[in-house]
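Have a look at the structure that comes next, please.
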Amino acid sequence: MELGFIGLGTMGAPMVLNLLKAGHQVRVWNRSKAPLDELARAGAQPVDSPIQAAEAEVLISMLGDDAAIRSVFIDAKALDGLAAGSVHVNMSTVSVALAKELAALHAERAVAYVSAPVLGRVDVAAAGNLNILASGPADALIRVQSLFEVLGRKTWHFGEGAELACVAKLSANLMIAAAIEATAEASILAGGYGISRGTFIDMITSTLFAVPVYQGYGKLMVDKQFEPAGFKLSLGLKDIRLALEAGEAAQVPLPFASVLKDNLLDGMAHGQGDQDWASLSEVSARRAGSK
Amino acid sequence: MELGFIGLGTMGAPMVLNLLKAGHQVRVWNRSKAPLDELARAGAQPVDSPIQAAEAEVLISMLGDDAAIRSVFIDAKALDGLAAGSVHVNMSTVSVALAKELAALHAERAVAYVSAPVLGRVDVAAAGNLNILASGPADALIRVQSLFEVLGRKTWHFGEGAELACVAKLSANLMIAAAIEATAEASILAGGYGISRGTFIDMITSTLFAVPVYQGYGKLMVDKQFEPAGFKLSLGLKDIRLALEAGEAAQVPLPFASVLKDNLLDGMAHGQGDQDWASLSEVSARRAGSK
Amino acid sequence: MELGFIGLGTMGAPMVLNLLKAGHQVRVWNRSKAPLDELARAGAQPVDSPIQAAEAEVLISMLGDDAAIRSVFIDAKALDGLAAGSVHVNMSTVSVALAKELAALHAERAVAYVSAPVLGRVDVAAAGNLNILASGPADALIRVQSLFEVLGRKTWHFGEGAELACVAKLSANLMIAAAIEATAEASILAGGYGISRGTFIDMITSTLFAVPVYQGYGKLMVDKQFEPAGFKLSLGLKDIRLALEAGEAAQVPLPFASVLKDNLLDGMAHGQGDQDWASLSEVSARRAGSK
Amino acid sequence: MELGFIGLGTMGAPMVLNLLKAGHQVRVWNRSKAPLDELARAGAQPVDSPIQAAEAEVLISMLGDDAAIRSVFIDAKALDGLAAGSVHVNMSTVSVALAKELAALHAERAVAYVSAPVLGRVDVAAAGNLNILASGPADALIRVQSLFEVLGRKTWHFGEGAELACVAKLSANLMIAAAIEATAEASILAGGYGISRGTFIDMITSTLFAVPVYQGYGKLMVDKQFEPAGFKLSLGLKDIRLALEAGEAAQVPLPFASVLKDNLLDGMAHGQGDQDWASLSEVSARRAGSK
């Protein structure tokens, strides 16, 4: 297929490599030029503007946040490059409000807009094992399914509305954040009695919670290894804010998310914004007098 | 070994069967007489009072809560049956305060007091696969290790203080409760946008949270199958209260536990006390206008 | 002085009457035409567009929310009516972000922008007894002080930044909301023991909290008289959201505000959006099983 | 009347002086002997044991907490001094559970038990201007009303149950704590934008919240004058815990109280236990990075 791909960060670049390996032609654009050489050597075709990248049968975007999407698609007019009948698959995690706005803007141009945020970090993306949370027009989802099979191991469908896959992704991230906070509170409670945090977290992540989410974040807490961040606390705050906004729009109280927001802000106020969000444990420890 | 065993409920009875199979002699007592016949047929020796059960080399107790422990050991004087030099292994989940009080009462009688609450439900107990969280005097822990190997697959040691294993257990239960609440909030948020709760929970428990805790409670939420309860909401409230009390005594703020307590009370006030605590999802749903 | 006044709702109309009585000339504009006749009879000069109203020495605006301000000043270009050297006094309660944006837009036009939200309801406005929370350029504040003396009994200065008076107003509203929630929780707790809510609220508002805020909202709770609303729950939610946004931008955790947001959403989800926000007591009562 | 009075602390001593001035005979007992001389000079009759103090027509007690009450009435057997037909007026703030327990113990002895905690600090007690929150048997309340008129300016009746006045007192204290926390959050939010906390608190306590509770605590926050404490943060924590226990027993979620408990624990963990509970503002400030 003739593809465009916008956003060649740590996630986007290995995804492009997988698409190339699968035999697709990919026009690529990124704000910084750093990733382009390697991708060009692998067969990708760098272009000079997001508009040119968008002139494809299917455009995939993988950008950091709402502001980056707006900057590329609205300010830099990538939208204008999309031809009627093409599909735009936005794999970024964006707000419910932006998903709805983009769906409307694409509909005006007769372009199908598919939301497809993913679960999985860089190594999972490189292995083509992402879980893809998808929503959008049914026929567009069928058209891009073969691409999803290259990029991920499973696609989960949430319906027609562009916002639905975003809501599912934000809900999943809320659960990750809650797992971190729960591990933090429980281990600080144990630590308050002199129990080694490492022993407690080893026990809990070998028994009830023997999955990478708990094991990985638990280890970061024990080792106090918060930099370089796998996922920055400041980005965690953004995702929790988006979950709360989604909750507000649907009139759903989310008291755990509210606690998380306050604790993430506490972390921000103490210079933890660039640390991994596992450092929520430091917020708990600090409040307890650094036990 | 000559053992005593007090508390033959759904957990205690299969534990006694495992001890008998391993060749131990077990004097058993229970408040209600219902479980005694089967255990007697398997070789256990029913006795008429908790004092008689306590006259053993090692006494194991598995009772429901602080009140049951007080009733048996203090009011009904089971403590008086314990000979100097014997060991009492209390596998019940009790409060930090009671653990400390019992340790002192046993020390007065030169009886070693071991806290050993467990992770695992009835089927795990029957299979001898419990995870045993233990704390107490080091020599006593060595003496009872062979029993722990019969009852469980792994023993986790938390130190000398009787309260330490209790704190670890309460911290673990706090994490279970938080997992339930997080799943509830996230799935109600998804549901607020018309996403099927089943689809969302299937996705999340097949990917990030593919462990029995999330899968089991998630399924109960989707099926709204809250009775008969695997673990009653009223008991969950008790454990969260004990975690909060432990936090207060150690000056550890626990905002997730605080949210859980309020939501469990909301459940109690709506007649959910005898339901499985997975019905926290109904609290979230109700607050959101039953989305 | 030659004044313009935009926004002639329940607050704006009596404020214009006071300005007219004090001898000022006032050009008035409102989206709906209903209030214009009475004000014209009192000497105001209705104009056809917000741009015309803005062509004045000092323009005062009193609109409902950020969206209304944007609609009038940006979409309907009222900004373009403001001459260099004039002053715009915005007495609406707006977000910190919009206050900063407006200050910048006015500065480009060499127009002084003053934030001046008020404390006080309709009767206080009519009596010219508002408390005016003001921030903006010092010389502009001096120029409009005589107007503030007509409209209010006291002006409180918070500094130069346009956002400062907004922050002070949002902080004050947070305190009002907290007073309502505290009264609700305390009276439902008392009610949970069979104490008459009326007796409890009478006691507390005759002793420790003998001020109109508590007395007024307490009476509404006792009488369950939530309609017509003095201040709608949906508007309360908006103000708490703005306070939380202000907190997030300044990295200030606000756990009471977080509880308020969740409870206000609970109210929204149960059809209380048009009720007075005193009906937070119904949220508390409902959660407690309608005690 | 022949009275006994137990508990001659900062509140009890001036209350005894008022009773003496009104012509009553008062037998007094206190754990420490320090206050006895002054009271004896004023006409009180010191006795050697709480039992002797209890041998009176009406016994009044004013002690610090549940533990002090238990120590005096149960351990030191003051209960045994109460003659059938006498009345015990307990003006201490105690838990709901203890109030019920004491009511039952008194009933066994045919002694009427009246709960009568008060609103007001030392100066109010000295002026005989306390607000007295009372509950208990109707005839006993009538018998002691003349004493209440000496000690306070108004008696508020909450019914027959001994626990009712305690619940009302705990609910009132919850409202005070919430007022402190709300003032703290709002002023730290303002401070986060560079607004002087003093200016903000001056404004809010001159307008919406012009009552001594807000004015007094607000001033302590601005001056950071937390010692000597008017009411210690550790005692505030105790009262909030009692309110939460009362809420749990009646199945009433109290999310503000939950936030308060976590924040008070944060204060305890940072050495603020002996400071005035107005230092909740320091908890908010610390979480916000000491803005």
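A, B, C and D label the chains in the order they appear, each numbered from 1.
Here is the rule we use: contacts are C-beta pairs under 8 Å (C-beta built on N, C-alpha and C of every residue); 3 or more make two chains touch, one makes a residue touch a chain.
Keep in mind the model is a prediction, meaning the values are calculated, not measured.
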item	value
Pair joined by the larger number of C-beta contacts - A-D, B-D	B-D
Most distant chain from subunit B by Cα centroid	C
Centre-to-centre distance between subunit D and subunit A (centres being mean Cα positions), rounded to whole Å	53
Centroid spacing, where centroids are CA-atom means, of subunit B and subunit D in whole angstrom	38
Where subunit D touches two or more other chains at once, by residue number	247, 251-255, 259, 262-263, 265-266, 269, 287-289, 291
Arrangement of touching chains [line / ring / star / complete / other]	complete
Residues of subunit A defined as touching subunit B within the complex	96, 119, 131, 133, 154, 156-159, 161, 163-164, 167-168, 170-172, 174-176, 178-179, 181-183, 185-190, 192-195, 199-200, 203-204, 206-211, 213, 243, 246-247, 250-257, 259, 262-263, 284, 287-289, 291
Interfacial residue positions of subunit B with respect to subunit D in the complex	237, 241, 244, 247-248, 251-255, 258-259, 261-263, 265-266, 268-269
Subunit B contact footprint on subunit C (complex, rising order)	255, 262, 265-266, 269-271, 287-289, 291
